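Below, subunit A partners subunit B and then partners subunit C, in two separate complexes.
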Partner chain A sequence: MKSNTPLLEVKDLDVRFAVRGGDLTALRGISFSLDKGERLGLVGESGAGKSVAAFSILNLIARPGYIAGGQILFDGRDLAAMSERELRKIRGNRIAMIFQDPMMTLNPVLSIGTQMVEAIKAHRRISTKAAREIALSKLRKVQIPSPEKRLDQYPHELSGGMRQRVIIAIALLLDPEIIVADEPTTALDVTIQAEIMALLLDLCEQENVALMLITHDLGVVSQVTQRMLVMYSGRIIEQGPTREVINDAQHPYTQGLINALPQMGEPGARLFQIPGSMPSLKNVPSGCPFHPRCSFATDQCRQTMPEYVRSGNVDVACYEVSNLIEQEKNMQEAGS
Partner chain B sequence: MTTATLSRWNRFRESFLWYSFRRDKVAIVSFLVLILMVLAAVFAPLFAPTDPYDLAQIDIMNSELPPVGMQGADSAFPLGTDAQGRDMLSTILYGTRVSLLIGFGAVVLQAALGILFGLLAGYLGGRVDSILMRIADVQLSFSTLMVAIIVGAVFKASFGNLMFGEIAIYMLIFIIGIAEWPQIARTVRASVLAEKKKEYVDAAKVMGFRTNRIMFRHILPNTLSPIFVIATVQIANAIISEAALSFLGLGMPETQPSLGSLIKSGFDYIQSGSWWITLIPGLVLVVLVLVINLLGDWLRDVMNPRLYKG
Partner chain C sequence: MTSPLVEIRGLEKRFDLTGGLLEQITFQNGRFRRRQEAVHAINGVDLQVHKGEALCVVGESGCGKSTVARTVMGLLSPSAGEVHYGGKRIDNLKGRDVLPYRRKMQMIFQNPYASLNPRMTIQQTLEEPIHFHHPELARDEVRSKVQEVMQSVGIDPDWGSRFGHEFSGGQRQRIAIARALAVDPEFIVADEPISALDVSIQAQVLNLLMDAQETRNLTYLFITHDLAVVEHFGTRVAVMYLGRVCELADTKTLFSEPRHPYTQALLSAIPRLEDDRPSHIRLQGEVPTPVNLPSGCVFHGRCPYANERCRQEIPRLIATDGGAQVACHAVEEARL
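Moving on to the complex of A and B:
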């Protein structure tokens, strides 16, 4: 395979929810790509559509949601158009997913070993014994203490951190090419968060697995990912290399997110907040959905959604940014 | 004993179920009484002085003898005899066996249907759910006894009395099982709806499991505790239903008496002073149903305090 075809390419994805009184658009024109072994961050406030984006990649949007348009090309094939049968072969096998709350993702009545063996057997025809061997080797990989013992234990007998390790081991069971991690550390306490994140990063590097990390923690994104997307109200408003986005955020929303991070060294300083809150899907503002909260908003912003413009290696959808770029260009022309 | 079963036993001994059982005197007594009755019924041929199904052992001259301690009693028949000269003790033991068999059988059938339809309705939702639950509603709007009487009468008319005697047990299991499945189906559906929203179900989907597998292997075990509670109460209900049907003459024939048909056969003689033919099986029935219900109550409190009261 040529190295310039991405492993996963999402093109113009629209996801809607059919509710009484018409459809609500949860994702609008989402486009991004993920290369083999690449780590991509997806950030935004609650309600921005991050989790919907994660689920739609596996074509697992639950009714009344549905994929209204666009393509999800994985290895050249469109997941949005695939039959349930074909999708099952990919889910868990080639694309794995890790959820937010390790307390809830493991089935409380089945032992860890049973759950792992089942996951393997759903995709491969091997004996239970061989499957247990694989399970054990993956548990070793996630550095769980006394892995043999864990196989016969039930989820309630493990701590939160251990459970998340088990979940990562389950995600790795079938050597997937992509792991989608939906806020994998939010439910854990801070020291364990760092451990789990470091583990996940290590494993992805070792096994050359692409990681799509969904989080609202910009600190984690900046440490772990190579590229990032910023979502707002179902749209991607800024995407590019993580370092550039974090160091020189273009979109006023991204700037707001970064400024809202608590800084060390200024005791007593008030935290910055972006005024207002994420609009609900039922009344998304016209034009740029961020305009009611944006201090740069103009009439143009209120009427039409800006197109993407390129600033450095970053794509941004903002009139303010495109106007600045325009001005710069004019000044350069005037100067020459 | 292998290590796996040994560790399972240890797990049970550390469980909340065992803990609360040890602490509940009513539960312990009920459980002991139930076990005693079940053992006595299952091993009836070993305990019973006579075989009530064997006509050669019955002597009509022994009919209507009172229980021991009353005038005219025969020590060979500790609980007296019925109008045909059968030993009451033996008949009750055999009768309890029939009643329990019908109770368990009917609940197994109910549970099989209820679990299947409840899971399908709850998990698949939409049209499947509407159709199955409307069938359940229609079914529940007829009383169990009414359905049973109609079906029983049809069976009796079409097979004749002799043939009916042979299939009566299966017919009763069938009727009571069919009539009561919606109870279990509704409970299962309700808990499936709650389980379906949990993340482990999403995780199972993400892992690429088939729908059947998710339903039966992942969701079903998580809904077992309410099923357990309801099933216990339903055994008692099924035994009562059977007794009622037999009392009305649509249940077990007198040659193969259940507790219900024993009560009925004695009822004809209660005016002539032979109260024991009705009273003793009646007491056995009351005790049996009572202990099952008490155990059901205890289970409900332990496993899920929010469940419906049967």
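Moving on to the complex of A and C:
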């Protein structure tokens, strides 16, 4: 199933924020890839760096943030080294983005139609009439009732769920190869969230668009994505096929995150809790950033950041896991 | 069964939209008309909260669940209906008569960034309610009480001289809980107390609330939109839609056998870890505006089982064989 060259490949990405008193490292050594039509989930709590990761893919990190190292290879070209002019040809055209708050992405003083036509004309030389046709067809795709009417309406006339549908229609306008969705349903109610996620999933499958979904909701990741990354304090600590990660999480943080969910506990019993909270970027602990909250932490964890090891199809950065794998190997060798 | 600790009878709350008399008067077809518009936030809610239980009120935005919480606490006065505490009507009390109930009933709010006074130290924040309700206590008695309550929520008593902004979200919510517990209440209204927090912190705060319930014999009215939390935390659940309770049942009964079509749709929309794809019940349309309520059952416009009776007659909560109370003609007529 896997083609040889992935659609998007992020290699060793470092993102820093230059603030008074030195640089803060928001992302450290991030590497992952996204295949054509694949759906990838990016999970983490606030401050883990998942939104920075999403923004940096389109090189949208604003000052004082900057990409300090690494590559973002899309179609064989490095987005991190591209000029603004060249980037503009890709943003919204070949890689589209959906943000959390639809009210912040839609311009309140322009009608939906105007905004959609504007986006098409920014990338293609076609008539307004033809552009409106495209806009209309995309609005139909996202199953908005009476799409003709919506073109002349303004964002405030639509409900939250409807606005997010418009946003998805805008993302689809130019038939992108990748959609990056940053918490697209967090601001919505559960029933609307379910509708929007199902729609996004259907559309990505139909059009063979790759989806990068940033969310804190493990349930949503489980329903929608094929592979997932777990981020903690600016690092990817675990990545692999979604089913495998959720059913058999390796990293103590991922395990804790899953077990802390109310749906995993016996009703009425105390939930599993990870002590403490995510460190701020100003004082990231040495070694593995999770060690102050980890019950398996050793001196090794306190001193150096663990390398990735492979367990099944999952890559994990944890000494506890790598030691276990080592032990198993030794036992097998001793047995044979 | 003993008499309930808190009882709400026929509660209604309208928020006037039109303002003063001059704003209400319009000139139409040659004559003056007086026009009044109101948001019908709660439309006849009856609830009983029994001692020692956690009654959860769930629903989507705009269903009136927070208004119920605020009306019970006396932060809003009801447009119609009564609130009783320990057998005594309290919604019409004035002045000093309210004070004893203010001590017995405490509230925890959603956003710990807004509910703590930024200009007060934690020590001051926690001393204030004790001074107010127990003016007879000496300084060091108050201080030791504050120490005790800080310890019980897992905040180091030495941090008393710090300000709210020096704490993380989870710690702030602990302080807000400590403030509610400081005056030894019997009944706590918690309005979305964990919605603003990260998953791993949610588990910590939820555990804390359960511990407090056990050690202090508390009764909760717990408002939330998160059904997974309800399943874990609640003794009984009231599902609200457009200002009415549509189903009221034991948590176990409600989750194993939801009867109301809206409850069924709501439960199916929770993203579950074991799901591979979204598998929710699709509802038609969107929640109607609470300004012009639909006739009959408020849910009829979106309900797949609605018939003429549903469009005309308002359904009342009726006990079913399973033990749940459901407000649905279809359930009553055994069509569903």
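Convention: the second predicted complex is superposed on the first by the 331 of 336 C-alpha atoms of A that agree within 3 Å, B and C clash if a C-alpha of one lies under 4 Å from a C-alpha of the other, contacts with A are read in each partner's own complex, and residues count from 1 in each chain.
Methods note: contacts are C-beta pairs under 8 Å (C-beta built on N, C-alpha and C of every residue); 3 or more make two chains touch, one makes a residue touch a chain.
The structure presented is a predicted model; accordingly, all values stated were derived computationally and were not measured.
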*Once the structures are superposed on A, label A:Asn93 by its partner contacts, choosing first (subunit B), second (subunit C), both or neither.*
first
*Based on the superposed arrangement, let me know which partner A:Val224 touches: subunit B (first), subunit C (second), both, or neither?*
second
*Which holds for A:Gln263: it touches subunit B only (first), subunit C only (second), both, or neither?*
second
*Which chain, subunit B or subunit C, is in touch with more residues of subunit A?*
C
_Contacts for A:Phe272 in the overlay, against subunit B (first) and subunit C (second): which applies, first, second, both or neither?_
second
*Touching A:Ala18, do we find subunit B (first), subunit C (second), both, or neither?*
neither
*asked:* On the A-aligned overlay, A:Met331 touches which partner chain: subunit B = first, subunit C = second, or both, or neither?
replied: neither
_Tell me the contact category for A:Ala81 with respect to subunit B and subunit C: first, second, both or neither._
neither
_Footprint of subunit B on subunit A - complex, ascending_ = 58, 60, 87-93, 96-97, 99-101, 104-110, 118-119, 122-123, 152, 167, 170
_subunit C contact footprint on subunit A (complex, rising order)_ = 45-46, 159, 161-162, 189-195, 197-198, 201, 216-220, 222-224, 243, 246, 256-258, 260-265, 267-268, 270-275, 277-278
*For the complex, which residues does subunit B have touching subunit A?*
7, 198-200, 202-210, 213, 217-218, 221-222, 224
*Can you list the residues on subunit C that touch subunit A in the complex?*
60-61, 168, 170-171, 198-204, 206-207, 210-211, 225-229, 231-233, 251-252, 265-266, 268-278, 280, 282-283, 286
